[in-house]
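Two complexes come next, and they have one chain in common, subunit A, joined by subunit B in the first and subunit C in the second.
This part shows the complex of A and B:
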């Protein structure tokens, strides 16, 4: 059983953090809330999402799985306006999710979750930790998009640094410790990442909201932040790019 | 060639940009055959060197690989090994068709029918041992890795994708899905026009990818049932059942579960025996593959490439040099790591 009432923005937020990476996901539902973990088809990035039932206006569920086509749910949600209250109701008989937006009833076919993977979170040694404002990071990434398709992130005792280099142009964003919410590292860490992936990961966070970054040397990066009015939490992993010579 | 099931699959359009830093294992036989049949003069004569030997495959490999490397794709070529005994019949039939096409090509040339000549000439393309050897030599010089598969190249490609060593198999042939490649990339060319076979018309082509798992889900069948369906329609290893195409084949398998039960409901001659079915399944589901490969892109040895292409095959140096330029990229290429 699953039925819930949720603000349009909250549901859109869940879709926004998931759909850039994966199309089809298995949503795990328990009485306490929903969660999902999925890896993109190229195995470059992982999204891990937990949303507490408190993020919903109403939430009644027993333990179950829903196979959701995120693109489809996204296009349904585009029919709603911000402030709309959305009703979700799982119809077991037809295996469909009934989405109600105002007077509109949209029945959405679900995907078979059998055979959908349960990826494990890899064990990572990431000594560098930075917490910073989303707007600062967003600015650096947006600037980098114009010059290259990859960027370097560096963390040392005193600074967090973002660097991107194209054929003719470069971007450098250096944030000293006092401009960061937190900076903590036992050694200097540097890794390179695809801008395409990375910008998709930080895009859902706006303004002064904090983003937590855990980084190592030529290791995946972990990006964490809250969604759904702090009643939900997102963890991304992104594999690095390695300079071959 | 291969099984004709393309219309059943959902294909996602992609661009070369989506393949940045990705490793693609290319079905070498498939692509070389494509070069031999398409890279020809107007009357169908293939490109040749001063000794009259065909060079269409070398032109094709140089340009295609160059375009991929320029787009920061990392190509690996998988060559066919020994064909399975069950394929012998298909190969024999192909040979006969080619001999016939050869005759018709000459007749069309004599009759001055250039259009027909080209069409017929394209059907004569034969991937000989010599062509394979020359292709490997060129790849060596270009610093592009290749793998000699124990069986079919597409099986090896699919294995490497499954294992996570590569992003996708690159082939026009849907057999890659039968052997279980999680992602198949088709139309891996940078040019956006392709001449329609036998017509004076061009169609716009884009690379696209097919994801096996989501397609199986859409079709509502398992990997094994996909193979069973192919057996009904006909593969390189057996003749199909007359009158059964992809749609009908799919329905029969969904209704009956497997090819054995499906066959019981259709009459007809020359049905494959249960032993044959078992053997064909094994070819696709448990193919013979090798782990003996290393993926390295050391960069091109330009002197060697020029020696092969310009000295041995009379390519024009001014036309080879700008393409070699593209290969200089390869050393600065970065590798996108994966999480697992």
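This part shows the complex of A and C:
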């Protein structure tokens, strides 16, 4: 059993974090809320999402799984405007999710979850930790997009640094400790990442909201932030690019 | 997931396509091998009689028809085309259409050897080295390779008759126009360079502007013509360097 009432923005937020990486997800539902973990088809990035039932206006559920086509749900949600209240209702008989937006009823066929994997979060040694404002990071990433398809992130005792190099142009964003919310590292860490993936991971965070980054040496990066008015949490993992010289 | 059937009837092929491809045509690639006939109407009109061929419908809607030999497809439809499938008189019919420009391609199968559907992921971009921009970049990062004291001040400088690849000044502050070719320098490259140099001179004959043609190989005939026009040349090495960094996957870290 699953039925819930939720603000349009909250549901759109969940779609925004998931759909750039995966089209089809297995949504785990418990009486306490919803969660999902999925890896993109190329196995380069992972999204782990938890949303507490308190993020919903109403939430009634028993333990179950829903196989959702995120593109489809995304296009349904584009029919709603912000502030709209969305009603979700699982119809067991037809295996559909009934989405109500005002007077509009949209029944969405669900996907069989049988073959969907349960990816495990790898254990990683990520000694560098930085918390910073999304807007600062976004500016650096936007600038990098214009010159290259990958960027280097570096954390040392005093600074967080972003660097991108193209054929002729470069981008450098250096943020000293006092401009960051938090900076903590036991050693200097540097890893290289695809801008395409990385920008999708930080795009959902607006304005001055904090983003937590955990980084190692030629290791995946962990990007974490809250969604759904802090009643939900997102963890992304992104595999590095390796420079072999 | 990849699905396939071998040596099947038209109606079974249609069922297969409806199950594994049609519901998510934008996410699955479809491959059909069989005996078919192709009728195309669009910018031209073509007809291809019965023959055994490979048809590929890609995830962006592009359709390619390959005969057993030759590199190029014999018929095709561009990206964004839509293909409908039907069976008539036990023949499998594919109707692919594209709106701008309006093009229609009808493929009729009378025998089907293979139908396969698969969801393919590929985010990699092709990196090519050895293009004109690579030679240009090489010169920008190392102008000494052309001449000691040369300073490049502008890349892609617009002038009346076109765009100068590289513009700069030599050690005596004389303007230098550089035209870059990625492989063999031709007569037309000389004319191009001559026009650019004249553009910079603003038709003042006494003005001193140098023009240098840079290419990995410059034939004697071209060198002679350059001499006649008081232009110079420089044979530059073309370095083929492909970036060798690569994307790791999360799987490689799961074992740690």
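As a working rule, the second predicted complex is superposed on the first by the 245 of 245 C-alpha atoms of A that agree within 3 Å, B and C clash if a C-alpha of one lies under 4 Å from a C-alpha of the other, contacts with A are read in each partner's own complex, and residues count from 1 in each chain.
Note that a residue touches a chain if its C-beta (ideal position, glycine included) is under 8 Å from a C-beta of that chain, and two chains touch if they have at least 3 such contacts.
Predicted model, so just to flag it, every value in this text is computed and none were measured.
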Key: When subunit B and subunit C are modelled together on subunit A, clash or fit   = clash
Key: Touched partner set for A:168, first subunit B, second subunit C, both or neither   = second
Ask   = When the two structures are overlaid on chain A, which partner does A:220 contact: first (subunit B), second (subunit C), both, or neither?
value = both
Query = Between subunit B (first) and subunit C (second), which does A:39 come into contact with in this model arrangement: first, second, both, or neither?
reply = both
Request  = Considering only the touch criterion stated at the top, classify A:239 as touching first (subunit B), second (subunit C), both, or neither.
outcome  = both
Message = Output check: A:194 vs subunit B and subunit C. Expected answer is one of first, second, both, neither. What do you get?
response = both
Query = When the two structures are overlaid on chain A, which partner does A:122 contact: first (subunit B), second (subunit C), both, or neither?
reply = both
Ask   = So, A:112: does it touch subunit B (first), subunit C (second), both, or neither?
value = first
Key: Clashing subunit C stretch [against subunit B; choices 92-100, 110-118, 146-154 or 164-172]   = 110-118
Note = Footprint intersection on subunit A (subunit B / subunit C) at 23, 39, 41-46, 115, 119, 122, 149-150, 192, 194, 220, 237, 239-245
Query = Touching subunit A in the complex: which residues of subunit C?
reply = 1, 27, 119, 121, 123, 125, 133, 137, 140, 155, 244-254, 256
Task = Under the touch definition given earlier, write down the residues of subunit A that touch subunit B in their complex.
result = 23-24, 39, 41-46, 111-112, 115, 119, 122, 149-150, 192, 194, 218, 220, 237, 239-245
Inquiry  = Which stretch or stretches of subunit A touch subunit C in the complex?
reply    = 23, 39, 41-46, 115, 119-120, 122-125, 149-150, 167-168, 192, 194, 196, 219-220, 237, 239-245
Ask   = Okay, in this complex, where on subunit B does subunit A touch?
value = 20-22, 164, 167, 182-183, 211, 213-214, 217, 297, 331-340
